[in-house]
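For reference, the structure discussed in these notes is given below.
We call the chains A, B, C and D, going by the order they appear; numbering starts again at 1 in every chain.
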Amino acid sequence: MRIELLYDMPRLEEKIMIEALRASGVDVVLTNVDTRPLVIGEAESDLSLVRVVSMQKALYSATIRESSGTRAMNSSLTLMLCGDKILTLSKINSVGLRVPKTTVMLSPEPAELVFRQFPKPFVDKPPVGSWGRMVTLVRDLATWRSIVEHRSMMQSQQLRTHVIQEYVEGLGRDIRAIVIGSEFIGAVHRISSGDEWRTNVALGGKTAPLKADGEFVEMSLKAAEAVKGDFISVDILEDREGRLYLNEVNGVPEFKGFMEATGINVGELFVKYALRVAKR
Amino acid sequence: MRIELLYDMPRLEEKIMIEALRASGVDVVLTNVDTRPLVIGEAESDLSLVRVVSMQKALYSATIRESSGTRAMNSSLTLMLCGDKILTLSKINSVGLRVPKTTVMLSPEPAELVFRQFPKPFVDKPPVGSWGRMVTLVRDLATWRSIVEHRSMMQSQQLRTHVIQEYVEGLGRDIRAIVIGSEFIGAVHRISSGDEWRTNVALGGKTAPLKADGEFVEMSLKAAEAVKGDFISVDILEDREGRLYLNEVNGVPEFKGFMEATGINVGELFVKYALRVAKR
Amino acid sequence: MRIELLYDMPRLEEKIMIEALRASGVDVVLTNVDTRPLVIGEAESDLSLVRVVSMQKALYSATIRESSGTRAMNSSLTLMLCGDKILTLSKINSVGLRVPKTTVMLSPEPAELVFRQFPKPFVDKPPVGSWGRMVTLVRDLATWRSIVEHRSMMQSQQLRTHVIQEYVEGLGRDIRAIVIGSEFIGAVHRISSGDEWRTNVALGGKTAPLKADGEFVEMSLKAAEAVKGDFISVDILEDREGRLYLNEVNGVPEFKGFMEATGINVGELFVKYALRVAKR
Amino acid sequence: MRIELLYDMPRLEEKIMIEALRASGVDVVLTNVDTRPLVIGEAESDLSLVRVVSMQKALYSATIRESSGTRAMNSSLTLMLCGDKILTLSKINSVGLRVPKTTVMLSPEPAELVFRQFPKPFVDKPPVGSWGRMVTLVRDLATWRSIVEHRSMMQSQQLRTHVIQEYVEGLGRDIRAIVIGSEFIGAVHRISSGDEWRTNVALGGKTAPLKADGEFVEMSLKAAEAVKGDFISVDILEDREGRLYLNEVNGVPEFKGFMEATGINVGELFVKYALRVAKR
């Protein structure tokens, strides 16, 4: 059996997976999608694990492998849905999970209207992007106008699009949980740091383990099912009344901080799952 | 019953549909997605017809309507698959239809390798874009290097991605066919004009009716099924030996030229189909 | 004698000039720089008036006309200096005029340092751009980080550059004055409107006439001399103690609002000046 | 005496200069313009050497240092003129030096007209950019249309602008000469390599020494004078009849290949010149 791992910038996560794959005895093919052209209809393996950091490249890698009948993990469908926050939130909402109140603005025209109607402060972000980049907490009209002017200069329609969300003000932390197959693997709190309201680890956020007990377990599993994910992480917000909101699903999860906080070897668990699927 | 038509720049196509909807007696809601914010989880109608020219905005419009359980036509899945040529070709290839030999380059690095390996001339294009824009017939290395340098300056990863295809040199024409539901509506030849090798009507291509008889009928229906399209048009290339290649599927079809060439009122047929679906 | 007027989007200003030129009896050549290629070394006239809205196109138009020895008005030197706020402020400061305290950040790296050191609120803007676009009043670190993240996504280095200025909090108004040749033509107050702190007319700012009496007259003349301008407008800020700060110089002045507020026909005055220069 | 060297990415060139400055006994201040904010009106030294690779950042560094009366080398004027090929060619042409026949297109509109009128093949490039990037030899209309479509997608007006030049077909080589102060330092041939018609060293071009004897010496000196350069390199094309064309002037010259080919220590010569000027 041959298993391919597709990557662009190998991180600790990918190194753990490669080691686990090699230890299992299968043939491992490593494909750097930045240096290798990908041919539609050509298979390299029985199963392709998509571990590409660039979300657009990850999606293309998965769909091209699927074009020849190879199973990609995550599938192109999952990567499409998780690679864009509007697609994720719409899908999650359609299966009945609670999401933050969200309005989408496809052009700058209704900016003033949106500002008047939406409770302040609100969160504004583009539908694509990682690590909290360009996520803005908008408190006043002057800031809002400036953000809208900046975004209208972007070349891509995705970056020109505004995802406007109610600010779920909790306790400066959110929940990140991991699901593999239909199994809940674990969860952590991500806690924002210092003068930064965003909780992203890339922005200094800290990670603390969280007992896998509560509504968030079921929410995570339901979210994974909604996006048909093999291996996903979810971000869940909690307001001061303890209500939970499913906000993002990641189709190429990072888990270094999660591993450190929980001691769970996520990379190995994923490889075991992948091998089980491949052997069916 | 209420039917919503979502639009940005209303063309003849949309005007025909609006008239047909009004004539049918249903409530018609017209939503300009550039001036109206779209709210996740909010429904405006029983059925939403997505006629937005910008492919990214069309996709967002569809998925947001679906988030509240409303049926969008085409669905967000169809618009996703048809809005990106790599996703389309991969899906089409996976169901066994013949597509032009296609290689994808996600970064400029393998450019020289691709040039050496691919038969010349070849076609290069980004995975997104309409009306033949940026589609290049590459004959020599100097042109190829220049195109790769230009594309590497783009902000969006989609425009930095290269779809490289064999040049299916036929008789200066291709086939455009329209499918509604699972019914084949008709087909035309698009014939390139003067010194322009591309057949796009926006580039001066002419349209001539074509009898709905031959392999392309079945190919069109199979392609529509592959992308789960309610209303799509397909582009089919024909080489000098008469072999057909499914190359593109459009999820928000233009049909002005098609109507003129065939006399078929596509807008009315689509509205009739939509009403049948809505009444189920 | 032939006089050329170079334009892209003719406004009231250009129409007034064209009329005045025609009334004077000279040959008038109108050149739309968007539709006419410009040839280095080719002259169209004895004098070229540069009235192109796009600053980059205005600069190119002027320098190409000068390449054949033709006088351009404003000259390419003036348009270069006025087309970029960093060049303007540096030149103005070098001749001893007071400018707002200004720091320039060429990359996002020193963003946190700049925030700590600069008094809040401060003004952030790119060195290019008109009508107040992307000019932001930064009050808090979260907004600052968001603006820096947005700007780092821009393709052009000019838009990625930050001009950071002390906020000269006055009485919600600034002075706009016009100089032709070495003559002071007049001045107005521009008064910000409603909830918008910027005074730009494009953002709802109002205009009121101002007696040509005070320090700002000398400042305007000195600024015009510094940038070697034939026809410029200047923006002067006034703080609560009445201190004046020269902030911007415009090399292709708009003067519709100025005309309405003062009754001075700026267009005719400029044409008279241009004819005098041309006849020398 | 204090001398500042402004840089972003220190190359061999900058290292040689720093060593020579230190050996001379002056105080040396090294300023990384990417990490240090630059303050208008603040001086760091008696003289500032601008060795910043990014042309836009180089220009900003020079003008900000000049704002406090400090001499920058090259001056902001020189960097402005040399940083944009349209400004350079216009200035060079205005002093009577031969340049390749050049037409400028500020928008895509006259593309077909330009193609019909200009002898083929012609060279197309944007007015900014180094190392031959995006320089295209256009032979046919299809390639031309594709290049114009690509460029019209760029965010910056500079990259959307087309500099169209006659193709000076010589012997696959051009002349690069260096001038410091008003002294001619030397010249080399740059010879294009393999299947690449551009001679840029970054594209594999080779360098061979050239005797400082001939028309190109006077041309180089006149070009340096035209742009008021302290330290510049020039690119001179030669056609098959031996006619020379001044094509580009570089305001932050690279000279590694030149040094290797000629044995002339350009960095030391420049530092000596700078010290002489500073001591005046």
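A few notes on this one:
By our rule, contacts are C-beta pairs under 8 Å (C-beta built on N, C-alpha and C of every residue); 3 or more make two chains touch, one makes a residue touch a chain.
Computed from a predicted model, the values in this text were never measured in an experiment.
Shared contact partners of chain A and chain D, listed by label, are B, C. Contacts with chain A and chain B are shared by C, D.
Between the chain pairs B-D and B-C, more C-beta pairs are in contact across B-D. For this pair, chain C with chain D, the centres built from the Cα atoms lie 28 Å apart. Here the spacing of chain B and chain C, counted between their Cα centres, is 45 Å. Annotation for chain B: residues touching 2 or more other chains are 153-155, 159. Remark: chain C residues 133-137, 141-143, 145-147, 149-151, 153-155, 159, 195-197 touch chain A in the complex. Listed in rising order, the residues of chain C touching chain D in the complex are 33-41, 54, 56-57, 59-61, 63-64, 66-69, 76, 80, 86-87, 89-91, 93-94, 99, 102-107, 109-110, 113-114, 127, 154-159, 161, 164. Interface of chain A with chain D (complex): residues 153, 155.
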